[in-house]
Each structure stands twice: as structure tokens, then as C-alpha cells.
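Okay, so here's the structure we're looking at.
Labels run A, B, C, D, E and F following the written order; every chain starts at residue 1.
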Amino acid sequence: MKISARNTIPGTITAIAKGPSTATVKIDVGNGLTVTSTITADAAADLGLKEGDTVTAIIKASDVLIGK
Amino acid sequence: MKISARNTIPGTITAIAKGPSTATVKIDVGNGLTVTSTITADAAADLGLKEGDTVTAIIKASDVLIGK
Amino acid sequence: MKISARNTIPGTITAIAKGPSTATVKIDVGNGLTVTSTITADAAADLGLKEGDTVTAIIKASDVLIGK
Amino acid sequence: MKISARNTIPGTITAIAKGPSTATVKIDVGNGLTVTSTITADAAADLGLKEGDTVTAIIKASDVLIGK
Amino acid sequence: MKISARNTIPGTITAIAKGPSTATVKIDVGNGLTVTSTITADAAADLGLKEGDTVTAIIKASDVLIGK
Amino acid sequence: MKISARNTIPGTITAIAKGPSTATVKIDVGNGLTVTSTITADAAADLGLKEGDTVTAIIKASDVLIGK
């Protein structure tokens, strides 16, 4: 499935912390860069996410702010 | 100013396309990875964004979806 | 690819209006219900979206407000 | 009150799970389609949400991604 | 209709600029504070928005970042 | 750092409630107006947020819905 979000960044899960309703996932996308994602705990279970998984970080262009 | 968003990724503007109301900005964050941001044209003008600028891509953790 | 968003709704594109930077897409998800999506014009071109396409409307649970 | 969001979908709450800070609400919008919303626990209490309630699922068009 | 968003701020439209697909609306919420909203041009027409209108700026708590 | 979000509202933290994964922050922005923000608990700790802090509420224009 191709997706309309303009940022689809492949990476590897390096850490996943599961709270009562949300899960915080750290994704190594290379070059020392880690992307942090918070998703619902339900989603983390549904996708069976675990450390070492190859995943895609998906980010809409309109959700990227710029600081200068 | 420190910001609550969990993803603050430094990079360099490689392209900026200004439409009537939005601007699409391409940010090289290293390792061949480009992050795309769409902001208001007003914001692009206000920040004086141009190619070669060093900027920060700011993304809330809750705006990062995961695909597997 | 399975995705962390909790709402993945299949439907058929019934209309697509392309502006200079955004595209507005109407998706019939059945039962007379139409979901409206605005994506970047680039995304619409990249996915080759056109009327009659079978697509999935993807919505994060945290992006669904409730009115009562 | 009319709202700028382009998706205002009427439905019935079929389930509501309240966590320490968020509530996950399942809304039957007909035709076997269920929309999932996560809102703050405070909002769920403020609106007095409960199973069987008739509510409106409100989604900005720009928060609807498309997969194809 | 009561809404799950935790920020519902009354104000008056002081300016509205309509582009091909989006409209930028300035809302005076008092005390010299102006809130800027970008909505679809369709929404601006649908709500019949014009200068002087009394409106509500609706913002989810999770869409408010904090800088310090 | 200047930021692309069109709403950057200075205020003072009047309350902060920390949950297992999120923190809810109340910001007095003057004139009796309080803005509510939910951020990750990690962010609240990282910024060392506490009552009385002077902070900026940062909101993208596209995250402001309008009701009329």
C-alpha cells in the first residue's frame, strides 16, 4: 500500500515503552538519528511491535513544523 | 527555546516551492534522508526561508504513524 | 503494510479536485457516507489517484474529535 | 454550532474505555463501520460520554491520509 | 453541540483571506490576542465566514505544543 | 528559534497534571483565558515544566478548527 503522507522513513525499533493507553516507540532511521512515535497501546499490540522490527515512520508533510 | 515535540531534527533546506497559500520545503537531514514539510506561505516568508538555510524539522511524537 | 492508525476505512474515490498545492478527495465508504480528505497535490499525483480508485481512508484515533 | 471540519459523521457509542489520561471511544457509524476516537479522559467526563449516546465523529479533511 | 477538544475560545473574525483551496482566518480572542486558523476554502464558504462574525476557535489539547 | 506555527502565545503555567505517559498543562494567556495542552510526560520532564513557568503555547494554524 502506497500512502499519501510525504514522509515514509524506514528504520528499526530500538525501544518500545508500553503505558496503559499509549506506547512510545524509538525508531533508528540511520546516521544516529532516532525518531520517536507515540501510538495507542492497542496499535502496538495489533502490529506486534517489538525491538529489532523493521518499520516505516510515516509523517504527513503538514505535521512537520520548521524552526529557524 | 526548548520545545515539547519529541522530534527536533536539524537539517538544511535543499528546495522550497511557494504556492499561493502553502510552501513545500525539502530538508536534508543527512544520510540521504530528506524530510518534507508543508507550512503556510506566510510562515515561509516570516522565517525568510531559503535554500541552504540550516533549520530544525519539528515533529510531535503523536504525529508519527508506524507501518509494519 | 499494516499501520498504527486505528481507522483504516476502505472506499472508492468519487471525486478529486486538484488545486495548485492540495488535492481534495471524496471517498465513498458505503451506506451513503462520504469521507473528505485533503492531501498534497504531489501525493495525489504520486499515488496516481483518480475517480473509481479503491483506496483506504487512514485516520489516527487521536484525530477524531467527538461532538455531543 | 457548525464546524469547519469537513467530516462530521453521526453515530452511536458502542464502547468506551477510560484510561488514566485518555479515553478510547468506539462509534458505530452504520453499515458495520466503526470509528475509533481517543480523547482526553477529561473530555469524556465533561461530555458525559456513555455507551448508547448519539454523537458526531469530527475529522478534519487534512487529517485523513489515503492509502492505495 | 459540546466538543471533546479542550480549547474552545470565543472570538471575532477580524480578517479572512481566501486562497484557491484554503482560507486563512484571523480571530480576535481579546486582550490583543489574535488566533490564526487555516481551513479549507470549502469550509469558509460552507460556514459563510466573514469579518465581524462571532466564532469559536477549537483546538485539541494534543495540538498545543509548549516552548520554554 | 523562530517557528513556522502561526500561533505562538506567551503565558504562565497555572497547573500541570502528570499521568503515566502524558502531562496536561494549563497555561494562563491573560484576560481570563486558559489554554490546555497535553504533551508527553517525557517532554514535561525534559522541559522541567512547573507551575509559574513562563512558556509559549505553540499551535499550527491548520490545527485550529472554527465553529460558528
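Convention: contacts are C-beta pairs under 8 Å (C-beta built on N, C-alpha and C of every residue); 3 or more make two chains touch, one makes a residue touch a chain.
Because the structure is a prediction, the values reported are computed rather than measured.
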_Joint neighbours of chain F and chain C, given as chain labels_ = A, B, D, E
*Using the contact definition stated above, find the chains touching both chain C and chain D.*
A, E
*For the two copies chain E and chain F, what is the rotation angle that overlays their Cα atoms, in steps of 5 degrees?*
180
*Between A-D and B-F, flag the pair that has more C-beta pairs in contact.*
B-F
*Interchain centroid distance [CA atoms averaged], chain B/chain C, Å*: 23
*In whole angstrom, how far does the Cα centroid of chain B sit from the Cα centroid of chain D?*
30
*At which residue positions does chain B touch at least two other chains?*
1-6, 20-22, 24, 37-40, 42-43, 47, 56, 58, 60-62, 65-68
*If two chains touch, include that pair; go through all of them.*
A-B, A-C, A-D, A-F, B-C, B-E, B-F, C-D, C-E, D-E, D-F, E-F
_Which stretch or stretches of chain F touch chain A in the complex?_
1-5, 20-22, 40, 42, 58, 60, 62
*State the interface residues of chain D toward chain A in the complex, per the touch definition above.*
19-22, 24, 38, 62, 65-68
_Complex contact set, residues of chain F against chain E_ = 3, 5-9, 24-25, 27, 29-31, 33, 35-39, 43, 47-49, 53-68
